[in-house]
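Letters A, B and C mark the chains as written, and numbering starts fresh at 1 in each.
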Amino acid sequence: MVTPNINEKDKLRIREIVENFARKHSLWVLAYGTGCGAIEIPPTMTSRYDAERFGIRGSATPRQADVLLITGYLSTKTLKRVIRTYEQMQAPKYVIGFGSCTINGGMYWDSYNTINALDRYLPVDVYINGCMPRPEAVIQGFIKLQNIIAEGKGNGAEKYQENLEWYRENQKKIIHNWQMPDYNW
Amino acid sequence: MREKETTLYLGPQHPGITGNMMVKLKVAGDTVVKAETHIGYLHRAFEKLMEQRTWTQSFPIVCRICVPEPDPNEENLARAIEEIEGREVPERAKYIRVLVLELARLSSYQLWMAGQSGSMGLYTMPQWTVGDRDYILDLFEELTGGRIYHMYIWAGGVRRDLPDGFKGRVLKVMDYLESRLKDYDKLLFQNALFRKRAEGVGIIPKEKAIEWGVVGSPLRGCGIKHDVRIDEPYEVYDKLEFEVPTHEGNDIWSRAMVRRQEIEQSISIVRQVLDKMPGGDYYNKVPNPLTWRIPPGDAYVKTESVRGEFGYYVVSDGSDKPRRVHVRGPAYAHGITVLEEVLKGANIADVSFIMNSLGTCPPEMER
Amino acid sequence: MLEKENKFSEQIQKTFHSAKIEIKRSKRISVQLRSDLIPPFLSYAKELLDFKHLSHMSCVDWLEDNELELVFILMNYDTSIQIIAKTRIERENAQFVSLKKFWPQLETYEREFHEMYGINFEGNDRLGEFILEDWNNKPPMLRDFDTRKYANETYYQRPGREDAQNVRETVSKHSGEEVPEFAKKYSIRNIDDE
């Protein structure tokens, strides 16, 4: 009898494929409605457009969540809380930017209280544009995130940790009173 | 033995809050001793932005002030401009405006039912009501092009006419909603657990209600009968027949009873409007909306939304941009002054229940 | 027609001689007063004339006259008539008395105006940070605060917006009409901003 000879590199690759398959079919979204896009999340999660058949459901605390869904614009007061929430989530974690306001500011581009480009402050994986995006567009965004995870490219947490000084410099330029714990995990 | 007092932050990230706001509670054991509302997480500076946009460019901005029910905003701004300028609106446009406003009320009542029962632990109700609300959003998409934000009501009328066969589709959705009301009754309104939890909780004393600034369904739940649609009828409400229900007992149960009866009245108003709709023009055309100027003056207009009296104070100085547009949402008094009084002595488990019943909606508190 | 409004208007004119009263349309009475007559007028309207419901309080910035205008809107529930009471105060170091004992919701309005316009209300001990956090600039709703310049300097703008044009200039180029002088004087946005 001949046993197949699998070397270490292939074993790691097979393990990664199985892990990614499990991760992409169970994405838990944090229950945080940060902006006015939160009005299209209940239709996506309930009986008509049923996102639960893809494995997407809500989670109450950041410690048990995988996906942070930034629904719409972010004021500076909310940005501070979102950064603290993002750093409390455990790797692997993903960020989805929802709506046109995360891409280039939308219709509030000249307001003194909203930020304009989200990926200077947090690492973003997928953008969904529209104002508001339809529930079918939201589900298509989640499927794109599933493809990114399956290819092994869903590494926003490592990107954040490697470029921490750059992200901190951008964040501290906006948030003047920085009273947050050090990020050490 | 006196219990130790701790501070809890029912913070911006919480599954039981109606939006993005924070309530700071001082708790002794299980009872709330003091409550403080913190807002400012959704501030976009609408009124400053509107001072730099022309009158026509202000209409797409104004919808986004109240997220669950955007149509009273457009209606208020359109009526304020018409009052300052003296512009006439054709009869058919008034009937179409009433139709859009009542359909928005129905979809907002379903969101209220979802929030009220979800904060109690009954999760079947949100699945039913949010799913049924989608049929109304389909009607809106056919009429105006957008599901949530319509940008349909304009100063001088509405933007386009009703499509062919629209009346039949609206009546079909109204029949469906009436048949679903029996199921909602069996699950929520005749539920003994809901009644036991809601009676005697969240009491607003009747003699202080008007002084605290309570408007809308909470005021009618205290037995005081006031509604903008009968106090100062706007559009064609003086030609329609409907009742304004009240209920004695100043707690969450009486507010729920008032809202349940208002759903039936809204469905009957939609049927009357479709019956009586005249023909004719739907828009009184504005000459060149890009260089349109309004003479100097000011006006205060108000509309009845699901949560209460929604007011706009508009000042114009003669140029093509507004001087000042100040929005008064009904949740401004409910969410800060009234909530801090009502939460004294409440149970922690009832905080979210009370917030849903008063109708605290943060986007219109801080614009 | 308008008899109840006329009756209220005569009663107010007899008690406050220096008030300027105008009936704008049915159910709206506009009263213009000196700033030291506002507390007695509000108390008179609330207790004696039964205008028990405070609908709204607002503030308008008149930069050209160097004044701020405070507006109080009251309502009588029996007749559904509304009074719009206006007064003007000085713009620099603006002061006013706090009226939160009349209606508790005025405390919230006063906190907001202190933050947005810089008015100090004596007697209100809850003034401070309300909507904005760590704001160290001038009060933002004043007309000489340029929000576009602040947004361009503080927040990173993604490139691609350079084709957003000034609407008035573009329309006046196409139609051949000149932008009139009063429009340039009242609006603060400068044409050569881009």
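Convention: a residue touches a chain if its C-beta (ideal position, glycine included) is under 8 Å from a C-beta of that chain, and two chains touch if they have at least 3 such contacts.
Here the structure is a predicted model, which is why all the values come from computation and not from measurement.
Visitor: Quick check: more C-beta contact pairs in A-C or A-B?
Guide: Of A-C and A-B, more C-beta pairs in contact link A-B.
Visitor: Greatest Cα-centroid separation from chain C: which chain?
Guide: A
Visitor: So how far apart, in whole Å, are chain B and chain C when each is placed at the average of its C-alpha atoms?
Guide: About 24 Å, centre to centre.
Visitor: Just curious, how far off is chain C from chain A if you go by their C-alpha centres, in Å?
Guide: About 41 Å, centre to centre.
Visitor: So the centre of each chain is just the mean of its C-alpha atoms; given that, what is the distance between chain A and chain B in Å?
Guide: 31
Visitor: For chain B, give me the residues that contact two or more of the other chains.
Guide: 40, 43, 45, 48-49, 52
Visitor: Where in chain C do residues touch two or more of the other chains?
Guide: Chain C, residues with two or more chain partners: 132-133, 140, 147-148.
Visitor: Going by the touch rule set out above, which residues of chain A reach two or more other chains?
Guide: Those would be 77, 110-114.
Visitor: So in the complex, the part of chain A that touches chain B is made up of which residues?
Guide: Those residues of chain A that touch chain B are 30-36, 38-40, 42-43, 46-48, 58, 60, 62, 73, 75, 77-78, 81, 85, 107-108, 110-114, 131-132, 134.
Visitor: Which positions of chain A touch chain C when the two form their complex?
Guide: Per the stated touch rule, the residues are 76-77, 80, 103-105, 109-117, 120, 170, 173-177.
Visitor: Using the touch definition up top, name the residues of chain C that touch chain B in the complex.
Guide: So the residues of chain C touching chain B come out as 25, 27-28, 52-56, 58-61, 71, 73, 77, 80, 82, 84, 103-105, 107-108, 130-133, 140-141, 143, 147-148, 167-168, 171-172, 175, 177, 182-183, 186-189.
Visitor: For chain B, which residues count as touching chain C in their complex?
Guide: Those in contact with chain C are residues 39-40, 43, 45, 47-49, 51-52, 54, 57, 83, 210-213, 226, 231-232, 288, 290-291, 293, 298, 300, 302, 309, 311, 313, 315, 317-321, 323-324, 326, 328, 332-333, 336-337, 366.
Visitor: Please name which positions on chain C make contact with chain A in the complex.
Guide: So the residues of chain C in touch with chain A come to 132-134, 136, 140, 147-148, 150-152, 154-158, 160-161.
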